[in-house]
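Submitted below is the structure of interest, expressed as structure tokens.
Per-chain residue numbering starts at 1, and chain names A, B, C and D are given in the order in which the chains are listed.
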Amino acid sequence: MTQLVLQSAVSGLLVGGMYGLVALGLALAFGVLKVLNVAHGELVMLGGYAAFLIFTERGIDPLLSMPLVFVVLAFIGVVLYQLLFRFVVRFDIEKRIKNSLLISFGLVLILQAIAVLLFTGDDRSIVTGYSSAAWVVGMVRIPWVRLSGLVVAVIAAVALEWLLTRTTFGHAVRGTAEDWSLASLAGVDVRRVYMIAFAISAGLAGLAGSMVSLGYSVNPTIGLGWTLKALVVIVLAGLGSMRGIVLAGMLLGLIEGLASVWVGGPYRGVVALVVFLVVLSFRPQGLFGRGGAYV
Amino acid sequence: MSRWVSTMVWLLVLVAFAALGSITDDERLMTLAIQTFIFAALASSWNVLGGFAGQVSLGHAAFFGLGALITRELWLGEMALPLAIVIALAVTAAVAAAVGLPMLRFRGIYFSVGTLALGVAVWITAGNVWPGISSLPADALREYEFTGPYYVALGVVAVVVAVSMWLKRSKLGLGMMAVREDEEAASATGVSALAYKMIAFVISAVLAALAGAAFAFFSVSYYPQFPFSVVWTFEAITIVFVGGVGTIVGPLVGSVFFVVGRDMLSSTFPEIQVLTFGVLFIVVVLLLPGGFVEAGQRLFKLVSRGGADQKAKTGIRPGEREGKEKT
Amino acid sequence: MTRHKLWVLLAVIALIIAACGGNEDTSDTTGAATSTTEGVTETTEGATATTGAPMEAPEAVYFGAVVPQTGAFAGGGAQVVRGYTYAVDAINEAGGVYVEEFDATLPIELILRDDESDPNKTTSVMEELAGENIAVYLGGFGSPVHAAGTAVAEKNQIPYLGVATALQALHEQGYQYYFSPFPKSPDIAVSVYEMLNGLLPEGERPLRVGIFQETTDWGEELGALWVEEAANHGYEVVLHEKYAPGSEDFTDIILAAQAADVEALFSLPTPPDGFNIYKQMGELGWKPPFSLVVRAADVPTWNDLGDAGDGAMLSAGWHWALGFEGIDAINERHIAEEGRPADPIVGGSYALVQIVVDAIGRAGTLDHQALRDAIAATDMDTVVGPITFREDGTAPIENPLMQRQAGSVVLVWPVVEGEGAGDILYPAN
Amino acid sequence: MLKVEHLSVGYDDLQVVWDVSFEVPAGALVAIIGSNGAGKTTTLRAVMNLLPLMGGAITFKDEPIVGTPTHQIVERGLVMIPESRATFASLSVADNLHLGAYTKWARAEKKSAMEGVYEIFPRLAERRTQLAGTLSGGERQMLAIGKALMARPEMLVLDEPSLGLAPMIVEDTFDEIRRIRERGVSVLMVEQHVEMTLELVDYAYVLELGQIVTEGSSRDLMTDSRVREAYLSF
């Protein structure tokens, strides 16, 4: 029994790392542009297909092709920003959330339809030499493919943190996130910051996509599932804050893992959501956030 | 004078649709009409909470599903439809009151994500508890008639619109709009924000359950989990914002655009129907941030400015706005 | 304010009437005015739209096929479409089908619609097709879409033939218009034990059975039958785990199976769950010696799993190695177009078209009621073997079992000589 | 340096500023005085292109800047300190200053500019790593001015620098503005403290209900009867 509990907990943390990685991009887009991109899961899906194609056509392992996938998705992010979100950021904050919700809902339909036209509806997954390799620590097996998801998440979070705190561009991004008009008065080209931030957000979705196609599977309809998890994670971590996202993701994964042991498989999702609501009611600004309950 | 005229207009429309119900028995048209009514009722019910009281709920489908589930189970269990609907509404009201209190402690985006989490949890539970398909019995299927569901759906949308209109003009509605505009200011002037939000939450839930009941009576066969799906909430919100949030007519116009538009698209380009609908939808949102109603008003203002002399004849003040555009 | 409301509402009415004008031509309604009663009426009597029987022949016989081409069942749906297309092309090349009523040989035309693997889309698309003057409905892939479709077919009283669906419950609703010459849950449950007892000697059988049951109607039906038949064939169910379709992590049930030392694991996952379960099994380093993965393993992309998925048994209802008449032609075209012998579901869907064409020949008319009776009286040889229908629309048919061996699908049960058949790969781990 | 002619500005269909013209010669210290709601802030936001114009022309160093993106205006050396929330609360004092020197022109001498600011405002040096949100009102004003100086402006625009500050701190702030002007930076200041402002500036315009009612050198305005009644206590 203890092996089951330990293994479920570890597996929960690993999948939680993935939730964190997906949520990282969403948090950046929401934190900086105040845009809620419900189609973020679809960007993860496209990243998964990109990694899959690079693997099958060129034989490059997804862990190595990640930089390329990041660039490809970042480019898609720039295109989407110029076509759609450029207009949304002209509104004031409240209207931005409403309109970005609507527009990204339309985007979900479009990206899914394009994915079906390009890749058909089948499930695809990357199976590598080390797919079933795992570390055995005591009674617990830690599969490499799932561990790599967590490792990539942590590295991405640290890199983002370094970018935001140590570089001038990072200051501009954080300044824009807090008050875009003040940032423009400091000489920051807010439009460019928005575009680059959105591109990075899409790139992070690409990284998550690579890990999803390595550790799980990809088909045109997986987007919304990942978006919902990411949404829960960013609120759990405290809206607007770009710190503690991966930790909050791991916590959600841990709760789901343990829930599946005691409450049983069919309700693992439900328990995690209920626990999330309980946490939210005690700490409305989230675990790490500072902002007030009302954004 | 203008309230009497508008009530007459609404009755005229109701009678027109009632007559339409018996003239034609082209099944596809009846199906489209019924779907439009159900979406109009669902969108209007969301509008009560989202449009009037300004609380954007992403878990609205839970009440739509609940209304459908209870009505269907009781009605297929040989209970008379009206009784089944009344019980469904009562249970939904109780559940909404119980759930509303903790949920409404959250504000803004936290309320939205909180209700989303609740909606998904209810959706998963419904799928686990009622896995089997719910189909009408074989003989009832063979004698299936569209007129029954048509009138029920029409009745439902009429009730929902009537309640919305009554609410919007009542003191209760005023309190809700005060909360929407500025919650702190409203509670500062003695308006108990939580009370108004609770009332809006429960009324919105009960009206959604009513729309669910119409869906349960109309549908030939579906999985009970389906009406709980988050897609219904997204579509309802889409209809309200495309039509015009906070207005009475907005959700109605929005549902016609949504149902009729999607149907025409699926028959003209079936393969890329989802793609074209996504693109069309984004274009509408970008070009008409205030929705059709506001666009109509703006268009109307242009026309009326041209026809200033019109005013004398009709005695109706052109260019009066139907309430500001809201979040 | 009122005037502007008037504007908008007139637009609403205009739109409704425009929509009504849009599709007036499709069905000629001999509408009788139903009694107009105000308010809520239970059901009002009224003539349903009966299409008369005009003497001049239509250009073609239309088959309405509602098949998942997107979404979770798209993989299986593609095989169904291929089966229909091959059959329709073959018949049209041979001249088409003779319909005595019009004294003419008409080509068959397949009206294909995608229901996106969503049962609720299936119902709305089938309602649309009802107005397209189709002779029969042809089913898609998977039980949920059929469960929704049967009720619509019954309502519109148009014969509906199902393929790649084993849900027995659909045949216990008293439906007169639903026929499915495809193995059902009872056939699947029995055949797997008969195969194990038939192929493996006494002492070497995987007696410890584990079941991964998804919380769906078919999951419950087949899960219960597997438990019931285990006792009848001398097997012991040591694990019976339930899970909700669509979850990301299956560690808990995999470890429970390992802990219970399961030797034969039965599952019927909705894609992509099957894929994820066996992938995570590979990661956790455990694989049962015998795996029956109903539905999920039918699609070629299962091979992406490599050895984690190798050895999985399929219960896809057909295999080209069965050698029935007509299979060679299918295989020839399939190898030419797809580069591999016929996929398992292609045979089942091909047979549906054969049955309908035969019934039209015997009925001599396209009238739905007559066609239904003709289908019920079917007694013919098809690419899936001899087919007759029971009262409830099911067909007595043996459930063949195949196994994924090194990427290809090998027929293991019933034992048949010749190409494509072979011995069971046991133990698979 | 900065020339504004026939400026009209408003929000949607509500016009606030009607046909305002004023000028800030190079090296001058000019003020626009007026009571609350006179349209002072709206005018400044229009100059910095944070608000769309309804009409009028604006030139800075003889080049038109209407429609130029705000960050390019700053790049050209015209820097504004907004009325309230003039600092980034979520960033540390040091990061605020870093962000102040974001333009290429300013980034070249960021190091020396930083030391200069710390010299002028030693308190900021002490609180270097603290979040700006935790500073007192006065300290935040110092940081706002310091941040603006980091941009090495040729002209500084201040929107009610005295707002919400204790009188003693207002005097320090005004002294600092005088020192900035002495270093050759032209200054345009918008204020409600008419008396103190007139003592500080060379030339001033009086704005009422979105229109310039009178203008003149600070000495003339001090003696102008109307100004005395409306704004001065004696």
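Just so it is clear, a contact is a pair of C-beta atoms (placed from the backbone, for glycine too) under 8 Å apart; a residue touches a chain by one contact, two chains touch by 3 or more.
Just so we're clear, the structure is a prediction, and the values are computed from it rather than from any experiment.
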- Innermost chain by mean C-alpha position: A
- Report which of A-C and B-C is connected by more C-beta pairs in contact. B-C
- Item | Gap in Å, rounded to a whole number, between the CA centres of chain C and chain B | 36
- State, to the nearest whole Å, the distance from the C-alpha centre of chain B to the C-alpha centre of chain D. 51
- Query: Rounded to the nearest whole Å, what is the centre-to-centre distance of chain C and chain D, using the mean of the C-alpha atoms as each centre?
  - Reply: 74
- Task: For chain D, write out the residues touching at least two other chains, lowest number first.
- Result: none
- Query: At which residue positions does chain C touch at least two other chains?
  - Reply: 70, 215, 244
- Task: Could you list which residues of chain A touch at least two other chains?
- Result: 266-267, 269
- Message: Graph shape for the chains shown, where an edge means the two chains touch. Line, ring, star, complete, or other?
- Response: other
- Query: Mind giving me all the chain pairs that touch?
  - Reply: A-B, A-C, A-D, B-C
- chain D residues touching chain A in their complex are 48, 50, 69-71, 74-75, 79-82, 85-86, 88-91, 95, 98-100, 102-103, 106-107, 147, 151
- For chain B, which residues are in contact with chain C within the complex? 2, 5-6, 9, 13, 16-29, 31-33, 36, 81-82, 124, 127-128, 131-133, 135-139, 141-145, 147-148, 151-152, 155, 219-223, 226, 248-249, 252-253, 256, 260, 263-264, 266-267, 270-271, 274, 292-293, 296-297, 300, 314, 316, 318, 320, 322
- Message: Which stretch or stretches of chain B touch chain A in the complex?
- Response: 56, 102, 105-110, 113-114, 116-118, 120-121, 124-125, 128, 230, 234, 237-238, 241, 272, 274-275, 277-279, 281-282, 285-286, 289, 327
- Message: Per the contact definition, I'd like the list of chain C residues that touch chain A in the complex.
- Response: 68-75, 77-78, 117, 215, 241-244, 246-253, 255-256, 259, 271-272, 275-276, 279-280, 282-285, 299, 301, 304-306, 308
- In the complex formed with chain C, which residues of chain A make contact? 3-4, 7-8, 11-12, 15, 18, 116, 120-127, 131-132, 134, 141, 143, 145-146, 216-217, 219-222, 225, 256-257, 260-261, 264-269
